[in-house]
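Shared between the two complexes below is subunit A, which pairs with subunit B and subunit C, respectively.
Moving on to the complex of A and B:
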């Protein structure tokens, strides 16, 4: 074989009828997504263009961007959006920093107990968000486990204000999201040949340089998958900010819920939901492009 | 390039010795091959030289300075891995440049040395490709160029040819060997393939169960194996189990009385190289020049092309492999055919138990 032929790689042979088999395989999932995801979103979007008239029948058919204008002109709402983005970015960054070493160890361990390690990482996901948040409440409360221990040991005199603050929410969401980050990274790191790291070492790269030049670029697909998952989950967190943040702390998902159920304001709720979705998608795509462009250099 | 000394190198995992008391002196420019079955400790030894494994005991000296506890990135050892371990996200030129960038050479020097290294492995013009766009043999050569570009004190090869197909392997063997001679590289290679070891090495080290069994030239190992393991591992031997009755007299468990050279009285094995045994059809039994001449029956024949292996049953307990050249008008054995085999006493090596 010539070099040129090798460079083109293996030739993919296609048999007749393969296209139909593939179509048959993806049809059920496609139908499900179309009816259960795209259709509701479309309807929601239509709702968000309606008018809300509390004195009449709540939702009045219309074609107006008033709900979107209301959101972006009222600092109350834009602050909530800013808080949500800030917390999601912070949570994602912390998950990446905490998750990478953990994922690396899990991916590289030769231990017989590797499967136990993986289960222990996934274990938190067995507990629902609401149940877990309730658990955090007992830990973070002024007389909770955390403060009681520190005060008992004489480390502090006054209880630390954690419960019903941003701190509690951030810690809570990190705890929920970390497994997603670790699993995304671990599966990719596992596919990186260990000897590639050793090759870098033998060529004179100290560990930090090896990480920057070899491990990080090769782990990038996992980093992207992990940050996207974590970021999207954090942007849309509901139970954790609701239960740990208390009545004064606001994030987007509880706000949407509140508009639908408490205020019965479907048009405005729909608009907020749509803004949340768009911002999440936009920021995710932007981060994606930036990271990939950087890696290409 | 530099000389490499291993002094009583050991690696222990709990009670298990992966490598035990390995001492070797590798001269400047020498090509040393560590040969042994998998799990014999050869790779562990190489990885201790590279710095990936910290020895439990002993020392590694490279060019006279002790590098035993030095991390791999401070050792200046060029390594070629079994899987090549090319950086898949970097081009061929970037792969080769990696070690030079770590040494903070000026850009122009790096470019020149990358070109040199690629020319050395006949890959000029391939610098812009990604590793996955190359064939296995080309990837192997990039790995070699990358290791050579840093001008290492010692070149370490970890089963570098095992992922190549048989035909290519023979070519690359010669290529690596010529390059090594031309550049005067102190080289340590690990392999389980004895043919590879025999064709490439200046000197061979046979290892088993973590220990060195014999060090020597190809001829030393083949003609004068130190023990039964080496006799069986380097080249091929048929072992006849039995006992030495008196110096020069060996009796197999099957009851055959054989003449042998030396040996202490007691349980022993008699090792015979298949090609040192003569064979003839039974009718023609003139083997008068040989110390041993025995009748037997052909039990199995394997045709290897240039050579033919004939398994001959001598007694219910004793079976011998005889290898003959496949020549025109030569002996063509049939299974079940009665034959006569013979060999001089000196051809049989006695290993006491």
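Moving on to the complex of A and C:
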């Protein structure tokens, strides 16, 4: 994904009167986003410091970190956070391993049908998570494709329980996030000059060495972008755990939703939302530093 | 040996692509089943479920709502985002980096945080101003504009970066005012970026689930939410047929867009 143009910055020198034009161009969008996004987030954060009276389902103005303390002292909630992080890490690792070959093939192909290949990777992204969950429900159900095939072949007598387990959720989220990983990697690999790979080969490097010493270091920005995107999306997954995990399986995003709609507990729901965002951001930054330090060595 | 490696690489890529497409393949397959229960192998095939969609008002209404919200949010998102992109790509100013991050921020804020914070904000506005905000059509559109803007800004900025400033200066030297220059020179040149931004913005809005869940009012549910709520109770060929319609529409939109602007270059 290309944000290079945004990072590089403007190329023109300032002329008289242009300041006002610039202000007229950028102000409406900035004010709109500030009003509709920053203000709500600030208010939610303020509310997360309020108190909640469960008996009356009422929020009381206060300035306390009790909601945050409640989350981290109750094993029920910390388990949910741990499950979410574990699943997100697993999903990200699998996406990287599965996504790299596909990204490489798409980036290097000379085929006329390259655009169809790209469309078939992007299309599932745009079709929505609920529709894709419906596909997995068809596969995993007791009479679904997977069980029916295995029973038909005589491998098993009883249908395997896959729906409403962690397995189904992990398989579902991997499929949701894989296109993001592939697109992030592909855009970076496309920018790597093919001749550096050939140079490594002609100097006698076996493919594994070429990958480790040439392709991987050069593709690292894409690897970082892809893992971050995948990890953030997996941490915040809602529809997939909701539909494939069933009512007893809990991840963070459905928990936030539940606090707001079922419990009407805005302060605690807000606190969970901020914990989710902070943990995600913190782990992302940590991974960033570790990977970059490894690469520098 | 070289051939073997080539096969292994292509094989691994095919596995990943198959994995990505598998849920869609099964949804499409299920839509043509004759029996209602999704059991394999199917008893036979039928087209009747596509007709059944029209009998269920909620799908038709949800589709119409999603379309209205998506079109309006995309139009306003373009009106706000294209000028902002012009400014970010062309005019130097001190607050450039923070403003750029602000406009791209909706891409990285999780959907559930967007939804909860806007929900709380709408309730507060409603109490403060004494007008209906929460669950109204325009409040939902406002939320969707926020997630359309970053796509427009990002894709239009990218296409402006590849544009030679000399053509515009030539037009101005020949006496065209800035307005004429913008419409006759700049807009045609960045059309691919605008088309791509509009497409991605629309599709993001049309498919949005997590944020919209908090913002829709009774009777104004969007299609992804209708699908989610239906799937919570059961999976059957009717919902699969609805999904097929959505897949065909979005796939068609992407194929058409691809003719104007190569998707490979914008994603």
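Please note the rule applied: the second predicted complex is superposed on the first by the 261 of 297 C-alpha atoms of A that agree within 3 Å, B and C clash if a C-alpha of one lies under 4 Å from a C-alpha of the other, contacts with A are read in each partner's own complex, and residues count from 1 in each chain.
Quick note on the criterion: a residue touches a chain if its C-beta (ideal position, glycine included) is under 8 Å from a C-beta of that chain, and two chains touch if they have at least 3 such contacts.
Every value quoted in this text rests on a predicted model; they were computed, and no experiment measured them.
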| item | value |
| --- | --- |
| Of subunit C and subunit B, partner touching more subunit A residues | C |
| Subunit B versus subunit C as contact partner of A:189, first or second or both or neither | neither |
| First, second, both or neither for A:49, with subunit B first and subunit C second | neither |
| Touching partner for A:219 - first (subunit B), second (subunit C), both, neither | neither |
| Partner chain(s) touched by A:209 [first = subunit B, second = subunit C, both, neither] | first |
| Subunit B versus subunit C as contact partner of A:169, first or second or both or neither | neither |
| Which superposed partner A:199 touches (first subunit B, second subunit C, both, neither) | first |
| Subunit A positions touched by subunit B in one structure and by subunit C in the second | 1, 3, 6, 9 |
| Complex contact set, residues of subunit A against subunit B | 1, 3, 6-7, 9, 193, 195-196, 198-206, 209-210, 213-214, 217-218, 295 |
| Contact set on subunit C toward subunit A in their complex | 5, 9-10, 12-13, 15-17, 19-27, 29-30, 37-41, 80-81, 83-84, 86-93, 96, 99-100, 102-106, 108-121, 124, 142-143, 145-146, 149, 153-154, 157-158, 160-161, 165, 178, 203, 206-207, 209-210, 213-214, 224, 227-228, 231-232, 235, 239-240, 243, 246-247, 250-251, 254-255, 258, 262-264, 266-267 |
| Contacting residues of subunit A [partner subunit C, same complex] | 1-6, 8-14, 18-19, 21-22, 24-26, 28-30, 32-34, 36-41, 43-44, 47, 98-99, 101-102, 104-106, 114-115, 117-124, 126-139, 141, 143-145, 148-149, 172, 174-175, 178-179, 182-183, 187, 207, 232, 235-236, 238-239, 242-243, 253, 256-257, 260, 266, 269-270, 273-274, 276-277, 280 |
| For the subunit B and subunit A complex, residues of the former touching the latter | 50-52, 71-79, 81-83, 85-89, 98-99, 102-103, 129, 132-135, 138, 146-147, 150, 156 |
